Every structure is written in C-alpha cells, then in structure tokens.
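Below you'll find the structures, each written out as structure tokens.
Here come two complexes built around chain A, the first alongside chain B, the second alongside chain C.
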Partner chain A sequence: MLELQLLLGGLQNGALYALTAAGFALIFGATKVFHVAHGATFTLAGYVFIGAWNAGWHPVLGVLAAMAAAVAFGIAMERFVYRPIGRHEGGFFTVFVAAFGVSIVVQNLIAMVAGRGFANVDSPLSMASEVLPELFLAPVFWISIVAAVAMFLALTLFLSRHPAGVALRALAQNADLLRAYGLSSSKLSILAFALGSVLAAPAAILTAMTSGINEAVGNHVMLISMAATIVGGVGSLRGAALAGLLLGVAEAVVLTVLDTQWAEGASFMVLFAFILFRPSGMFGAAVAR
Partner chain B sequence: MTIALSCQGLARSFGGVQAVKGVSLSLPAGQVTALVGPNGAGKTTVFNLITGNLRADEGSATLHGKPIMGLKPWQVARAGVARSFQDLRLFQHMSVRDNVLAATEPAGWFWQPGGASARREREAKADAAIQAAGLSAVADARAVDLAYAERKFLSMARILAAEANVWLLDEPASGLDLSSRERFQGLLHHARAQGVAICLIEHNLDVVMALADRIAFLDRGQVLAEGEPQAIMRDPKLAAIYFGDRQ
Partner chain C sequence: MIAYLSNLATLAAIFGLLAATLNFMVGQAGIFSVAHAVFMGLGAYAGAQVALLVVPNPLLACLAAAVVAGGLSLCLALPALRVRGEYFVAASLGLQMMAVTLFTEAKPLTGGMGGLVGIPRPSLFGVVIPVLPMALIALVLFLVLMSAMQRGSFGRTLGAIRDAESAAEALGKNVAVAKALAVAFSAAGAGVAGALFALHLSFVNVESFTLEQSVLVMAMLIVGGTGTLLGPLLGAVLLLSLPAALSFLPFIPPTEIGSVQQIIYGGAMALLMIFRPAGLLGDQKRGRSEA
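Right after this comes the complex of A and B.
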C-alpha cells in the first residue's frame, strides 16, 4: 500500500508539474523565448497566496491575487526584459542570463519579505484521511487532478476554437507570415505570457497547500518544466503536460526503491533517456516536420 | 482610373549592391499589373519595401492617398495590402480552415470586437474564401498534407478572406498545371472585376499575357519600361534582357 500511496502522491505532483510545464511550453512554443523566469512566476504566485491566506483573505480572493501576480509578472518580463532584448537582437544566452538574473532577484526579494525556509498553508483541504486501509488522501489530491485536467482542457479549447487561440498557434508556426496576415505578434506574445503564467498559479497554490514552498522552489519547478518540454516534444503542449505527469510519477517510483534525494534525479534520468533515444520527444515529430 | 497603391522613388541597397533604384509604380484599382524582369531584378524587394518587410533607404508609398511607408508589416496588411510569398508560406500544421480563419482574426486578444455575431460573420467569410479557392473538400486537412497546387490555392484563400483591396502576388502560378492555372486565372479575373488592384510577379509569360493589363519591366533595380503587355513583350531589347541575351 505504501507504493500506491507514493504513486498517488507522484500523480498529484505530476498533475501540478503538467500545468506548469504546459505554461512554459506555451510561452516557448508561441514566442520562442526560453522563459527561465517561469519558475519565479510559480514562486511569486505561491507566496502571494500564502500572504493573502495569512492576512485572512477569502481563499477565492487569494487565488485571484496569485493568478493576477503571475500574469503581471509574466507580462512584465515580456515587456521590460525580453522585448528590449529582442529589439536589440539579443541572442539566446542574453535572454537566458537576463531571465536567470530576474529569477535570483525575485528569490531574494521573497526571502527578504517573507523570510527564508518553507512556508505553507494549513487548510482542512490538506488534511489526509484514510480512504482505504493504510491509504491516506487529502481533498487537495482530487482538487489538483481536477484543476489540472480542467485548466488543460480549457487551454486546449481556447487554442483550437477562440480566434486569438488560432492566432497564437499561427504565431508558434510562423511569426513572419502572421504579420503578413495583419496581426501584431507583440500583442499575441503578451497573450502567450499571460496564459502561460496563469497556469503556474494553481500549481503553486496547491503545492503551498501540500508540501509547502520556499523561496528557491522556482529553480526546481523550472528544471522540471524544461525537462517536461523536451521530453514532451518542443512545441507540443499535450506532450509537455503528459511529460510533466510522467516526471511526477517517475519521482514517486524512485522513492519506492531509493532514497528521497534521488527523486529529482529521476526526472533527469527520464530526460537523458529521451535525449539519447528519442530526442524529438513524445510528440516531437509534428514539430520537426 | 483610381490609383489604389502608388510608390515613388523607392530605393534600397544591401551593402554595396543597389537592389532597387528609384522605382515608381502605380497600381490602379481593378487592374492587374505584372512586374516582369530577369532573376535578381529587384521585384520581390519592391514587394518587401511596400509591405514594410524591408525599410526603404529612400522613397514613399501611399495606399489610397495615405502614406504607408514606415508602417510595420502587420499594419500595412491591416490597411488593406495582402501579399503572397514565392516560397509558399503557410501555417503548415494548422488546418486549411484555421489558416484562413487566422486571416480574419481582428484583434489578437481575448475580447474580440463584435461578439458572437461578428465571429459567425468571420467564419462565414473564411468558408466563402475556402469555397472560392476550391478547397471545401479539404477544409479540415492540415496544410502540410495538401498537394502543391492546393497549397497554392490555400495562400490565395487567405488573401480572399482578408478582403484586402491590393494584392501583391509573388509567383503565384509557378508549378501549377494547366487546369489549376486556369482556375487561378479565374480567381484573379473575379478579383479584378471586384476592383482589387493586383500586382503580379510572374515568370510564366502565358499567365502574364492572359492576366496583365499593364506590365512594368524591371532590370537591375530599375523600371526600364511600363505599358501594355503586347508593346512591352514585343520590344526586342527587353526580350533580350529577359531571356539573358543582353549585350
């Protein structure tokens, strides 16, 4: 039963990784910006929710505040960091270093304001109860699964049905052609950052409600998001989400046979395996063509 | 005769090479103007300058009297100038319908102007363009899975859906078989009758002679001659340049 317990825990983590990775993949796919500060979005959203909770706000307001903070941070990165770099034709490394620098600033600012170490939210939703003999699940488990599925379905629906979603997919495929269509790629980039960033918020909130977060959690989240994007196949949202789920479960499986410090290593074993044997990722063929 | 698009003294050099030297061109509404000349004459560069894909060193361009020089490509497109590309650019992994729908997308934002009725109108417009281009049977297929001629017609369908009144077409009939070419010519005849100003870069002289009302002959970045197709094509000096027999 311990194995099942760990597996379900992995499934919960995987669902949250899936959301964060889908956000990263959406931003990268549409704008080709390697948004390393996506992890900082996660951390910021988590701490805003914790702050709102501690201040006695209604949880719904806390969720909205976390989402707003995530969107504002994502848009600010696009407008004030990536766009000026793009205007000066800065390359990949300029973007990477700038985003990494901002992540460190965010991490330190959070440590200064909220203090170092783990912070979490004590909610009745985090209290596990025995659902089967020796199998304990908290309501937050089901919330994580439902939130991940619902948000992913909403995103898929938006991208396939909404005119702006169609335009975002078009941006991902050929930005030059999109401009010939009369659409502003800069406006759509903002939309991509807003949507991608908002996906990190529920994951951050639910993580704060279960294992808790610290000011450096963004680094782990970022690594997982990058790994999931590559394992899923660059450009594929469905791939990134499935890979996020897979990485969460892989971490849990490793826990059943090895020590906890190997958990993160499991993600990278999966990543290396894909790089060696299927470099285009799970759904990468569609991108390579 | 209403002039839809006019450009004066367009010039652009790349390093030491002057690709376009003082090109002036007027595109009348309801007429097809063919831009003809040997490879490297600067024809595509002229399109790139008009559409804002390249910045002109000198010169001006107006669309229905309003200046468009210095606008961004998407602003020129939105002002009513649609273009096709020589290398047949499409959103390869999107369906035919989505390729065309993207051309009718007005805002690029969550809140679309006009609400649901405007959206239905846009979808109807896209469907009409797909039908006019003869692609209804493959409307749900991905662009990458289409045959070459169908892809050519897809690029025409998105221009139809954009409802632009100036079309700049870069070798739109290249690689088409005879029946596809006739279909394509039918599309252009129809657009011309609707008052669209069309500028065509085309190497197939049969297509040029069948469609063009006027020809502008370009060589080494300059307009050497401009006039009726028969007169231009009968000029032995221009024929020699075109066929590479220049002295």
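Right after this comes the complex of A and C.
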C-alpha cells in the first residue's frame, strides 16, 4: 500500500508539474524565449495566495489575486526584459542571465517580505482521510487532478478553436510569415506570456496547500519545467505535460527505494538520459543542435 | 585590517580564478555552464582530503583537485557534445542540483552538511605558507596559460566551434575532443580554486558549492564581461567587495545584508543584460552578435 500511496502522491505532484511545464512550453514554443523566470512566477503566485489567505480574504479572491500576479509578472518580464534584449538581438545566454537575475531578485524580495522557510496554507482540503485500508487521500488530490485536466483541456480548446489561439500556434511555427499576414507578433507574445504564466498559478496554490512552498521553490520548479519541456520535445504542449506527469511519478518511484532528497535527482537522471540519447524529446521533430 | 584585506585578496584571487576558467568555457568555447561550483566543490573536497589524510602539501592538494575535477568534468562534457544553447544550460543546471545532493549525502567523503573541519594549514618542506601567494601564482599561471591557448591553434579551434560548429567539423577539426578538453581544462582550474578555497578557510561544507555560488561566479563573469581576459577579475573584485561595502550602510539591518546583496547582483545581472550585454570591459559590438 505504501507504493500505491507514493504513486498517487507522485501523480498529484506530476499533475501540478504538468501544468507549470505546459506554461513554460507554451511560452518557449510561441516566443522562443527560454523563460527561466517561470519559477519566479510560480513562487510569486504561491506567496500572493498565502498572503491573501492569511489576510482573511475569500479563497476565490486569493486564487484570482494569485493568477493576476502571475499574469502581471509574466507580461512585465516580456515587456521590460525580453523585448529590450530581443531588440538588440541578444543571444539566448543574454536572455538566460537576465531572467536568472530577475529570479534571484524575486526570491530575495520574497524572503525579506514574507520571511524565510516553508510557508503553507492549512485548509480542511489538505486533511487526508483513509479511502482504502492504509491509503490516505486528501481532497486536494482530486482538486489537483481535476484542475490540471480542466486547464489543459481549456488550453487545447483555446489553441485549436479560438482565432487568437490559432494565431499563437502560427507564431510558434513561422513568426515572419505571421507578420506578413498582418498580425502583431508582439501582442501575441504578450498573450503567450499571460497564458503561460496563468498556468503556474493553480499549481503554486495547490503546492502551497499540500507540501508548502519556500522562497527558493522557484529553482526546483524551473528545473522541472525545463526538464519536462526538453523531455517532452520542444514545441509540444502535450509532450511537456506528459513529461511533467512522468517526472512527478519518477520522483515518487525513487522514494520507494531512497530518501526524499534524491527525488530531484530522479528528474535530473530522466533529463540527462533524454539529452544523451534522444535530445529531440518524446514528441519533438527536429534535434536541437 | 591587514588580516581582513589579505583575506579579501585571497578570496578575490580564488574567485578570479573561478571566473576566469568559467570565462574560458563560456567565452572561448561557447559552452554555457551554470555548474562551475560543482567542480570547485570536487576540487575542494579532493584537496581537503589530501591535506587531512596524506600531507598538507598545497601542490599535491591542487594536483589532486585538478585531476578529480578535470576527470569528472566528463559529466559536463557528455551533454555538451550532444546539445547546445538552452538545452545545455538545462543539463548543467540539473548537474548542479544533483551534485549538491551527492555532496550532502556522500558523508564519508564530504562530511555532508557538517563538512570537513580542521583542514591543516598548508605547508611546503615543513614551512607553513599562507594561501594568498599560492592563489596569486595559480591565478597568474592560469591566465597566462589561457591567453597562450587563446592565441594558439587550440583557442582558434574552439572559437571556430563556438561560431560555427558544422563548419569547424567540415574543416576536419575534432569537435568532440576539443570540447571535452576545454571543459576538462576549465574544470581543473575550478578544482584548483576549490582546493585553495578549502586550504584557506580550513573548513568546507556543501553550502559553498550550491547553485547560488555558481550563479555568483557567473555574475562575476557577466559583470566584468565575457571573452575578455581581465573582465572576470574585475567582476570578482567588485562582487566580493559588495558585502563589505553594504555593511557600511547603516540603514540595512544586518540580518538582511545577504538578501540585499543577492538582490543587487541579481538586479545588476538583469540590467547589464538589458543595457550593456557584453559586460563592463567587453567589446559591445561583439557582444551583441554572440553573447
């Protein structure tokens, strides 16, 4: 039963990883920006929710505030960091360093404002109850799964049905051609950042409700998102989400034999194996060399 | 005051060496690693173990550090041969995270979180010598080596690989060997810096080899300017004097100095990249097209 318990825990984490990774993959696919500060978006959203909860706001208001903070941060990054660097044709490393710098600033600002160490939200939803003999599940488990599936379905519908979603996919495929057709790639980039960032908010909130978050959680989230995007294959949202789920489960499987501190190592081994043997990922077409 | 300044100078030489060797990998070979602290850590543990278990001979410690760090740099060279750009950064980031776990868990070798304590003072032929002159010698040695290589055929091969890998391969350059050698050389330099760091502090633990440290070294390089010889040194001196300068400002509570310092260098990294992407000493025109 311990194995099943860990596996279900892995599924829950994996669903949240999948959401965050899908946001990262959406941004990377559409704008070709390796949005390293995605982890900072996650941390920010989580802390905004915790702050709202501690201030006694209604949870729905807290969720909305967290989403708004995530979207605002994503758009600000696009406008004030990536766009100016893109204007003078900075390479990927320039973008990476700038985004990393911003992540450091966010992490330390949060540490100064909210204090260091783990913070979490105690709600009846995170109380586990015995569903089967020796198998404990909290309502948060179902919420995580449902939230991940619902948001992913909504995103897929938006990208395939809504004109703006179709335009986003066009931007991912050929930005020059898109501009030739008279669409604004800068407006679409902002849309990509807004959509990608909003996906991180529910994951951050649910993580805050279960295991809690600290100011440095962004590093882990960033690694998972990058790993999932690469393992899934660049340009494939489905791949990134599936890989996120896979990484969550892999971490849980590792826990059955090793201690918790090795969980992150599991993600890295999966990433390393893919980079060495299949750099194009599960669903990727071209090898990135 | 003299002791304080010599401590600062020793650290500046050690971190200058770290930043300069990272510069070799990033600026010369175009391998953008964020795992430099891993090799510093490997060198520090190797050097500390030599000093603790065998003899506190600094030359032997540095040699062992260079061999261990250079040898294990294959972990970084392998993904560098397969992928470039964003992919490689992700791989090196993963390696960094993994290494911290390993350093924490391999208690017989590294002492875990408690670290290795009581590393004896380095002595040569029975005479105790301070770390500062050794660090300066190592720094100058590596700088001379690197500038020689930069002008020689190896440096030009690396430059060619950085600018156009397929073209370099088509011209008969052995890309795999050149990349692996560049990584090994850079890692060995970081290992030496790590060993000197361990001998200087006579204590090491995993806290000194985390992602934050890698980022600090990268920030030194970025602030100074990639691809220049003296830029990394300038960056190291600037960023190391930052905490000292901050402690003179009365309105920052002492508990928050660490955070303020990180915010300053995080912000400096972001702002420099937006407004001056080639760093303080870098050639601005060149930085735009490739950095």
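For this structure, a couple of remarks:
Everything below uses one rule, namely that the second predicted complex is superposed on the first by the 285 of 289 C-alpha atoms of A that agree within 3 Å, B and C clash if a C-alpha of one lies under 4 Å from a C-alpha of the other, contacts with A are read in each partner's own complex, and residues count from 1 in each chain.
The criterion applied here is as follows: a contact is a pair of C-beta atoms (placed from the backbone, for glycine too) under 8 Å apart; a residue touches a chain by one contact, two chains touch by 3 or more.
Everything numeric here is computed off the predicted structure, so don't read it as measured data.
Annotation: superposed three-chain arrangement on chain A; chain B versus chain C shows no clash, the two fitting side by side. Of the two partner chains, chain B is the only one touched by A:L188; chain C is not. Contact with chain C, but none with chain B, is seen for A:G265 once the two complexes are overlaid on the shared chain. When the two complexes are superposed, the chain touching more residues of chain A, out of chain B and chain C, is C.
Using the contact criterion defined above for the overlaid structures, shared-chain residue A:F34 touches chain C, although it does not reach chain B. By the document's definition of touching, of the two partners only chain B reaches A:L178; chain C does not.
By the touch criterion defined above, A:A164 lies against chain B but remains apart from chain C after alignment on the C-alpha atoms of chain A. With both structures placed on the common chain, the touch criterion links A:M112 to chain C but leaves chain B unconnected.
Think of it this way: put the two complexes on top of each other by chain A, and the tightest Cα contact between chain B and chain C is 17 Å. The residues of chain A shared by its contacts with chain B and with chain C are 289. Every residue of chain C that touches chain A in the complex is listed here, in rising order: 26, 32, 78-79, 82-87, 89-91, 93-95, 97-98, 101, 104-105, 165, 211, 215, 218-219, 222, 256, 259-260, 262-263, 265-271, 273-275, 277, 288-291. Only residues 162-164, 166-167, 169-170, 173-174, 176-185, 187-188, 191, 286, 289 of chain A touch chain B when the two sit together in their complex.
Contact residues of chain A toward chain C in the complex are 34, 80-81, 84-85, 88-105, 107-109, 111-112, 219-220, 222-223, 226-227, 230, 261-262, 264-265, 267-269, 271-272, 275-276, 279, 288-289. Remark: chain B residues 51, 53, 72-75, 77-78, 82-83, 85, 89-94, 98-99, 101-110, 112, 119, 122, 144, 158, 162 touch chain A in the complex.
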